[in-house]
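Chain IDs A, B and C follow the sequence of writing; residue 1 opens each chain.
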Amino acid sequence: MIEAVGLTKRYGAKTAVYNLSFQVRPGAVTGFLGPNGAGKSTTMRMILGLDRPTSGQVTIGGLPFRQLPNAPRQVGALLDAKAVHGGRTARNHLLSLAQLSGIPDRRVDEVLGVVGLQGVAKRRSKGFSLGMGQRLGIAAALLGDPQVLLFDEPVNGLDPEGILWVRNLMKQLAAEGRTVFVSSHLMSEMALTADHLIVIGRGQLMADMSVKDFISHNSADFARVRTPQTEPEQREKLLAALTEAGGQVMPEPDGALRVTGLPLPRISDLAHDADVRLWELSPHQASLEEAYMRMTQGAVDYRSTADEKSGLMQQPPMGHVPPQPHIPEVPQQGFYAPPPPHPGQNPYAAPAPAAPPAAAPAEAPAPPAAAPADLTKPEDAR
Amino acid sequence: MASVPAVLQSEWTKIRTVSSTRWTLISALAVTVAMGAALCALMNATFDDLPDAERLTFDPTLISFSGMVLGQLAMVVFGVLVVGTEYSSGMIRTSLAAVPQRGTFIFSKIAVAGLLALAVGMATSFLTFFIGQALLGEHRTTIGEENVLRAVVGGGIYMGLIAVFSMGVATMLRSSMLSLGILMPFFFLVSQILSAVPGAKDVARYFPDQAGAKIMQVVPNAMNSGESPYGPWGGLGIMLLWVAAALLGGFLVLRKRDA
Amino acid sequence: MIELEGLTKHFGSKVAVDHLSFKVRPGVVTGFLGPNGAGKSTTMRMMLDLDNPTSGTVRIDGRHYRELEEPLKYIGALLDAKAMHGGRSAYNNLLCLAQANRIPRSRVAEVLDVVGLTPVARKKSKGFSMGMGQRLGIASALLGDPEILMFDEPVNGLDPEGIHWIRNLMKALAQEGRTIFVSSHLMSEMALTADHLIVIGQGKLLADTSMADFIQQNSRSYVRLRSPQQEELRDAVHRAGMTVVETDNGTLEVDGASTEQLGELAAEHRIVLHELSAQRASLEEAFMQMTAGSVEYHAHSTGAGAPPPPGPEAPPSGHGAPQWAPRKEGA
């Protein structure tokens, strides 16, 4: 358990983190999100006792990091994959860490096996790719078999197989009852990994809730309905019935209808009553990215702008829907989601396009491979 | 094909927008002039203590160029960094994507940097000559004397060629650290030491710096340096061969190797 | 349009790229996928004439890269965000590239604005964060307003806002009819961005197909049904000769049928449906399925496609030492 209470950090006149209070509970993967410059790294560094809070405190298992008896065995962290002495071999690097805290040498070979680096254990780490460096960093974090783990951008530089592995590793560690705290910029990845989210913006807490709640709070669920293509009048009939019942209906490019404000059974009943046959009736949730973009609008550094002069970028500023000329009848604002949760936010708030067929897989259920239940854990047997 | 004037302009922008250009060239000038001035003042004060052989072959022009032993090292650093930072920063890939004709790319770069080094070398040479002569008192010479102008202009050319030679070596080795690690000890130690060892001297004479430095002598066998089998222009010719070899080697490596 | 023909690259005895032939077409975002060590970077470098192929050719709009006049006006590439001189300002780094290809100076300021770096244009790029470096690299790719753009791991180091931006940028560029070629390891990101996929493994072409076909061919897809008349529905589907599986959470899964068929079937039997949705696997699953067996550095305890031999996983409890702890104590 990590607990921050009124955590504040100032660098001169700049406040990096302000009055941050949250808990990271064991048994779940907690995602830590925020735009660049929101104070994520500073917070992580304060958790690990690397930076001293200006006020407030953060504890691990009830004690500040620096007062933990044998802290190394309780907390493992991957902060920066490059924080390794490049001249040493991977194995010697881990050995030196292990010896500092009295961990047996064979544990080093174990973690090298866990991260898949046993083949290059005798190679100097300066020749490592970013992905291999990342694996070495993860090995170091796991070395002490700690109950609390922090990962900063863990999938950086990893290939698809490595990404899947890290995701499953984190879920597995959480399933073992450990506290897993992960910061990442990859929303689509976080959506697959995290159970709970802590979102900060400009150093302040913006959300502390489950992923599911976070998405529901910040965007609308919707249903996709299709009627037989051969009978356009069926579509019109259904559209009228749904609108009459108070649903918001938007046509999609392929002829489907996107319905918000009506539950699936109700849509089904309405179709039944109108004597309309359905070719599709599927539930959809907005993506984590959409929800996140909506929430953090206005708290972003280095915003990109449109390049109107060149004609290269016909793309409007951040957050706008990209041009979709083939469906002119769709009012683009409001096409995707209800108004922003907080009044007074900037008007860019239209979230990511929930996108053409390519987006469909992202909305499919988590792959079976990602289920923690699939993981075997030989250690339990011992 | 890439337009050569455009590439030259681009390379000029590259050179003038990094601070290493400024500090290496300023130190080349400052170190050469300061050390030359100090040695001239010292010579002037201790002239009478010199051995006869050295007094007979005393070469006031050459003495005022003594600072080049150190100043040329700054030129080496300049030359190496001009090329080496392309590799160490990874810029080389961006540069070659913009100018895929590798010959055009590297020779434009070396032309721009070489001309700049030559200009700074020339200024250094004249400045160190006049300041040195002013400090030599009664032992001074003047720019109007026979062969003196040749020596002073030659000093400037020498500085420029040292920089170009370093660029060629750095292109071959594709690394600043490696190039500096070889060139600095070579010019500062190996070449100097070997030229003082009787047996090795005959070989060391043909090193680029030893041969090229001949152009700065006005008095034959100045300062009792012994007979050499080539004259001032012959020496410069030998140095030019070295430079040409380094450039050719650099070009072949760049053309052949993956960036 | 980029065309590769029999492209091959050997490093000593190691074959990095093995007779690769494919075309990257304009108007769509083409994703370039493969495990680490599959030869993606080498291929991209050969496309830009940075590495010399052992054999085979790459053509950019029908010409060899070296034959392009002012190549930045034809093809822009983000290969490595750090491929800039750190001692030079962002503006000057772009300026010298622009000058080499006779691109007007005003364009430098424009692209800096596009990527949002105008406020730091005069700062030395070595002080840049990874995300800012990435934006600078993207600016250099856009500099010549080229018809072909290549991006290697474009979202690296970007924050969610930046990721969202670059994704939309790539799609918008493709929509303008440009050729967009993107390599990435982030399957979930690719699924949102790419229309077409080129997959390689161990230097060989594994797939060159549309996103939808790729997923279809490499994973199971089925239709999920939910109904208040579950029993009736199941019997109806069964009688129609389709395989139906009842899941724990009260839905039916039907393989080998379309939603259209099932919708008609339900209507015919007057069965109310509360869900009728096609389920497809994620791009990641499909990719894992396809590339299983061509990956370097297998980690143990993977739950996915190609489970490697189980290794000694987590340790006996009680041995703990994170790297930074003892050293930074009291820092």
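A few points about this structure:
Criterion: contacts are C-beta pairs under 8 Å (C-beta built on N, C-alpha and C of every residue); 3 or more make two chains touch, one makes a residue touch a chain.
Quick caveat: nothing in here was measured; it's all calculated off a predicted structure.
Chain centre most remote from that of subunit B: A (centre = mean of CA atoms).
Central chain by Cα centroid: C, whose mean Cα position is closest to the mean of all protein Cα atoms. Computed centre separation for the pair subunit A/subunit B is 58 angstrom, with centres defined by C-alpha atoms.
Rounded to a whole number, the gap between the C-alpha centres of subunit B and subunit C is 50 angstrom. Once the centre of each chain is set as its mean CA position, subunit A and subunit C turn out to be 18 Å apart.
Under the contact definition stated at the top, not a single residue of subunit B touches 2 or more other chains. Within the complex formed with subunit A, the residues of subunit C that make contact are 33, 35-36, 107, 110-111, 113-119, 129, 131-132, 135, 142, 145, 155-165, 167-169, 171-173, 175-176, 185-189, 191-195, 211-212, 215, 224, 226, 228, 259-260, 263-264, 266-267, 272-285, 287-288, 291, 295, 297-306, 308, 310-331. Residues 33, 35-36, 48-50, 66, 70-77, 79, 83, 97-98, 100-104, 107, 109-111, 113-117, 119-120, 129, 131-132, 135, 140-146, 155-165, 168-169, 172-173, 176, 185-189, 191-192, 224, 226, 228, 264-265, 268-269, 272, 277-283, 289, 292-293, 296, 300, 302-307, 309-310, 312-315, 318-320, 322-323, 352-353, 355, 357-362, 364-365, 367, 369-371, 374-379, 382 of subunit A touch subunit C in their complex. Of all residues in subunit B, those touching subunit C in their complex are 1-3, 6-7, 9-11, 13-14, 17-20, 85-86, 89-101, 256, 258-259. Residues 45, 48-52, 65-66, 68-72, 77, 79-80, 82-89, 92-93, 95-102, 140 of subunit C are the ones that touch subunit B when the two sit in their complex.
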